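Note that the chains are named A, B, C and D in the order they appear, and that numbering of residues resets to 1 at the start of each chain.
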């Protein structure tokens, strides 16, 4: 039984959520969502997992503002953000490529990043595509900055950047990423070649595969839950059909 | 006293050209029947204020040439991809966009809701969103001992809001359930029109449970019945998004001619000037 | 996962002496069972933050010597008259009061709710309320062309809030219906305890109607069952205020000895030091 | 059929609410409440009457803040305020008698007056007791001022002061009351003797009694509705018992 790349990512992300009280995940994020559901199932104390835009696993009742209020109150421990571009200072760009406002390639927009990135203590940047197109030296538009000047209210920010090739930790003092883990099949060289920004080197170990027990649990117990929110993903990953709509 | 009941077309007529129009998110009550009626009546120069984002509703209005400007945290078809007419309009320099972030859009309407000229928000400092918003202001928090920069967002009163909801009672109280952002839009709007799947006799205020999910009638000018009025978007637990239709739209709208063909399939066409 | 269920007395123990305690209005969920338990455990130096007013709950706590200070828009027994222990304490100079007005109390908690250091409010300028609140600030609205004085109210985070509600499900989701000011109190509070008439099996999130009236479990630390836990106050449509008891209280509490007798009838006594 | 003093007040207050879209009334205000219910029944277009703290006639759903938000949005046309003391500049005091904060006689507090008085266009001051104790030259504590300096945001404010003896209009320019109506049985002299502040004199007519038709409608149709909110008042006034709880 060998873990797929996605299962590896789910496993390593789940480790990072251990002990959280409340994790929020976007609707279009099946890997972080699966990780959150796995972490919740493994948790010995209550862990709220909010899957945005689901009805069943979203217990906010005051409309879409409550997520942001809840985060600003410090009640959301972990959140995932992505980006069309992510740069070496952990600035993220969800707006587009080229000069603003008439961009060469326009993407949807910044969503809630310009608050969430500041107030959620543990923001995990997650971008499966690890290329010089997605990981750049400097983003074309800062939807939300990776760090802030002295004096700016900023209890939250990036902890790590997880991609399809590697895991970087973010050093808030140096304002730089540090490569810590590379996934099986990658090398320091292959990661460097695919990364558009400079970064520091940590211990750089290979990302551990999930244990056989965890993998079995993921496939047996968690996959059907995942299928409620991310039916296409669950079908593709595990051949599990959705049992009911989320 | 009974609420005024009008038609979907009459709602579209009541939204004046040039209006600042409140737009709900895709997971909320998207008034697609009225959106098609706005395109049919060739509405123009609309400015869309999205709480906090828009999907096919905004993309169709933009593609049809009804929109002069937009304030949003995102315009996207979600799992069906980018919003093609939106992206095309931006890339062609044809659409005035004020990029925002979800909580800022909430904040600007909540300021209207509370009758104050502005409200503060955390975050934003150091972002390019802020840098491109000369209408926002950074102040030093007057309650802090040391420098503490903070963004103030001005109240943004809306001219008109149109939403779709599962049902209303005959007095005009509308069931919105947990979708309280619809109430925020409505509170911040001078005029509000609501389309509903059906009108029921029993007052929502007869039980504490339905009362808690109500939008009170005194905020609503008129309602119109529109079965499947959010289609192809979904409506809470009543019907899911029509994935086939949204995929068809996402594909067709990739080009201006494909979009025009899609509209033609609905008996509509883009504005001549667009 | 099931919510922690504890006793009314354990809730009273969890409210530390000196805490800034969130207090709901008489028409909301008044936790009278816990109030009696607080008097029984001789809680002291509590500071009451009322959203926006208090009735017999505050008056009893004050009379029993549990309270050092209070922020409120009103302390009153409503149709049963003035709050006698409150008035007596003020007239004797024994109680630190920060007079406020209903929307200001809402605003100060909403600032906490939104994670901002302050929020503005209209009104207040020229009132003696403002004149006696050095913790509030008047600024000139930075968005106005001409002078436009405006009051900024600082966020007021609460230490603990205790409320009473009709029911909770076994996960700890609490039905509060339209009494959303209870949610405001809870959002602004570091810790929250809830007493309920009963605990039901079915999740409030099973239906859109009960979901719309829910306070989600993740804001709640523990619940306790307390039948008639608001008595002698009323609880939404479940039971009305006990007018006879409230009249009896209003009469008895006119004097310190009458109040002590009233407490004795409940098996309680005022703190010796009070 | 002769109108009682209370019926006279209900009738004159109802006239003042004609054409309103939304009138809000406090729970402990049976005369204004009855007037609002009468005005609503007589209105040819929808009129919302919110009786605070009732469940049936209170359609606010966002808790007690919604009244204040709704008023600040300009959606409440008329509201009633009282006062332990009201002075000649229409300042109102709901806090107490004597020097603040350790007052000689402490009353409940200012409630929502310090916003409502500023933003509701038509605030009617209503105080049945018309004496030199209640209507004073200068209040001991300003819960909310009758007028504001130039530049202060103040779309609302006092329109009139209605008492058990008379009706004064408030002149926002002169910042003074003007006596306009005296109730049957009163004279200019008796009103002056009972008033602690100076005021201007208007036409000063006798308050007209409600027409026989209106009085019949009030007693026959409105009284049972009043009994739902103000059972003791309705019982005392009209011998009408409450049919169900409000």
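Basically, a contact is a pair of C-beta atoms (placed from the backbone, for glycine too) under 8 Å apart; a residue touches a chain by one contact, two chains touch by 3 or more.
Keep in mind that what you see is a predicted model, and the values were worked out from it rather than measured.
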Legend entry - Set of chains whose contacts include both chain D and chain C: B
Inset, instruction - Please work out the Cα centroid separation of chain A and chain C, and write it as a whole number of Å. - result: 40
Inset, instruction - Please compute the C-alpha centroid of chain B, do the same for chain C, then give the distance between them in whole Å. - result: 37
Inset, instruction - Averaging only over C-alpha atoms, locate the centres of chain A and chain D and give their separation in whole Å. - result: 58
Legend entry - chain B: positions in contact with at least two other chains: 114-116, 121-122, 148, 150, 178, 180, 183, 208, 211-213, 236-237
Inset, instruction - Find every residue in chain A that makes contact with two or more other chains and list them. - result: 55, 60-62, 72, 119
Inset, instruction - Just spell out which pairs of chains touch, all of them. - result: A-B, A-C, B-C, B-D, C-D
Legend entry - Contacting residues of chain A [partner chain C, same complex]: 21-22, 46, 48, 55-56, 59-62, 69-75, 119
Legend entry - Partner chain B, residues of chain C touching it in the complex: 107, 114-122, 137, 139, 141-144, 148, 150, 152, 154, 177-178, 207-213, 236-237
Inset, instruction - Would you pull the chain C residues touching chain D in the complex into a rising list? - result: 25, 27-28, 51-53, 72-76, 78-79, 82-83, 86-87, 90-93, 97, 99-104, 106, 110, 121-130, 132, 146-150, 178-184, 236-237, 240
Legend entry - Residue numbers on chain A that touch chain B, as the complex places them: 27-28, 53, 55, 60-65, 68, 72, 94-96, 100-119, 141-145, 148-149, 151-153, 245
Legend entry - Residues of chain B that touch chain D when the two form their complex: 1, 3, 112-116, 173, 180, 183, 187, 205, 208, 211-219
